[in-house]
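I have a structure I would like to understand better, so I am pasting it below and will then ask my questions one at a time.
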Amino acid sequence: MENLSKRIEAILFIHGEPVTIERLSKILEADKTQIRQASDELDKNLTGTALTLVWKGDSLQLATRPNFSKDVDTLVKEEVSRDLSRASAETLAIIAYRGPLTRSEADYIRGVNSSYTLRNLLIRGLIERKSNPKDGRTYIYQASLEFLKFLGLGKIDELPEYAEFKQKLSAFLTDKPAEN
Amino acid sequence: MENLSKRIEAILFIHGEPVTIERLSKILEADKTQIRQASDELDKNLTGTALTLVWKGDSLQLATRPNFSKDVDTLVKEEVSRDLSRASAETLAIIAYRGPLTRSEADYIRGVNSSYTLRNLLIRGLIERKSNPKDGRTYIYQASLEFLKFLGLGKIDELPEYAEFKQKLSAFLTDKPAEN
Amino acid sequence: MAYKVKTEKFEGPFDALLSLIEEKKLLINEVSLSKVYEDYLAHIKTITDISRAEAAAFLTVGATLILIKSRTLLPTLELTPEEEESIEELENRLKLLKEFRMFAKHIQEFGRRNTPLFSREAFSGFEFGFLPPEKIAPAVLRSLVSKIIDSIPKPDLLPEHTLAKVITIEEKTKELINRIQDQLSGPLKKVISAKDKVELIVGFLALLELIKQGFFEVEQKGLFGDVELKKAPL
């Protein structure tokens, strides 16, 4: 049997889009802890290649490293704007740090109705929404893997000064921040 | 400047389909001999990963090694056996009534990003895409002929309330603000 | 003083207040809040096309600012525990928003500077052939599109009562001048006889404006006594 980390690489390569740990565990018939460990191994093995692992919460995706963006840019259809409006950036920051959260939580922090901004972020694919498990009539929002790719990061902790912001913010918000 | 073999790897990864040496040479601004040499180097560097370089005449493609075909088959079977998600069905309906349209138009109507659902509909042969005559960087999507046949329609405008719905969707798109 | 605020579109009261504080390079506390109070009111006056809910949000924050301002004008003014709490909450929410705003700026700049990662299309290079879905028929497509059309966000209908209409501080000021001149002096409660909360707030704002301009003097009888207004000697 081939090494699990390579089998994960094969699946991620073919699938292209983000795959959850859960789904990998099902396809490869390995438990989630094994999948996580093998993914860490894959991440290391990719050093020195043009590819990198993008990892957020329970989702994994293969992507090209930022150094190659210029080369592949011409091949990628659908140009992505590099700019974020201030409202979008603020809402995104709140969701990235606090998500998954409901619209009203984002509204409370910003002191303004966020539905328009949320819609824009959803359309750009920088956040995703799910039905709220506590109230089916509302949605919960969280940052997507696309958000990390937009920033050119494999993991959110690679964002410079992330730890510092995390610490500062946790001083205001007593409950723990969302898993990333 | 990054190593040429890695730049080739990045391009083959994104492109998916076979790419000619000629095209690689143009994109990477290197002569064909350099491309061939770098490809050999890439082939060696891929040893120990799940991926391999496949030569098809004068074209190169990145693919998974045969040892992983069983895992890939499991993934493909699972993907194929899945019925359309609600998101995919909605996107399909929008394309049927309002197509041909661009991804960003589909995104705007649905209020969420559609890249994954469009891909899903494409590989199932339910929709087809062409280069956008108005903007070569993007694609336009429309229902495939096979899908029309499957629906028992001779022409797309035989869909119930076609004209009215198409007009309403178009009116909404006309109000679409500039990208945020 | 020329207010820059007039040209800028703020996203709600917190954004407005925080921007005003940051413009003056102040820390977030009661003192700075009482300093930006006038700019905030000036901003409220420029707002014309917002929903009633948004107007209410601006006013609620405005009301807390009034509490802060009146405490600086009347040091003996006793605040209820709820009022103290609302001041504290306002400060905390502003501080929190400030942190997120810095984090957002960081993300914004990082995104602009850094190059993105690209991924590949799902099943790139694979040919699956035609895989028709179950349960999809023209009628199903029809009903899906119909639902989508129904859920298309409607352009926000212009609110019937805009903030500009609700808050006419100038009008209220004129009315107050007349009333107080009639009575010459009187307890604050009676002078600001308002029909609803919004009007009460506006009344209070107008009164503070008059005090500031030197039209009136205030006097509080004892610690818990009514605040009395007197026409200032000209």
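Order of writing sets the chain letters: A, B and C. Residues in each chain are counted from 1.
The rule is short, and it goes like this: a contact is a pair of C-beta atoms (placed from the backbone, for glycine too) under 8 Å apart; a residue touches a chain by one contact, two chains touch by 3 or more.
This one's a predicted model, so the numbers in the text were calculated from it and none came from an experiment.
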Chain occupying the middle, per Cα centroid: A
Maximum centroid distance from chain B, chain identifier (CA atoms): C
Euclidean distance of C-alpha centroids - chain A vs chain C, Å: 33
Chain centre separation (chain B, chain C; CA means) in Å: 46
Whole-Å separation of chain centres (CA-atom averages), chain A against chain B: 21
Sites on chain C at which at least two other chains make contact: 118, 120-124, 126, 153
Multi-partner residues of chain A (at least 2 other chains): 13-17, 62, 64-65, 67-68, 72, 76, 119
Chain A to chain B touching residues, read off their complex: 2, 6-7, 9-11, 13-17, 26-28, 45, 48-51, 62, 64-65, 67-68, 71-72, 74-79, 81, 85, 88, 119-120, 122-125, 128-129, 146
Sites on chain C touched by chain B in the complex: 118, 120-126, 128-142, 144-146, 148-149, 152-153, 155
Chain A residues touching chain C - in the complex, by the definition given at the top: 13-17, 52, 54, 61-70, 72-73, 76, 80, 82-84, 86-87, 89-90, 92-94, 96-97, 108-113, 119, 148-154, 159-161, 165, 168-169, 172-173
Chain A-facing residues of chain C, complex: 11-15, 53-54, 57, 61, 92-93, 95-97, 99-108, 110-112, 114-124, 126, 153
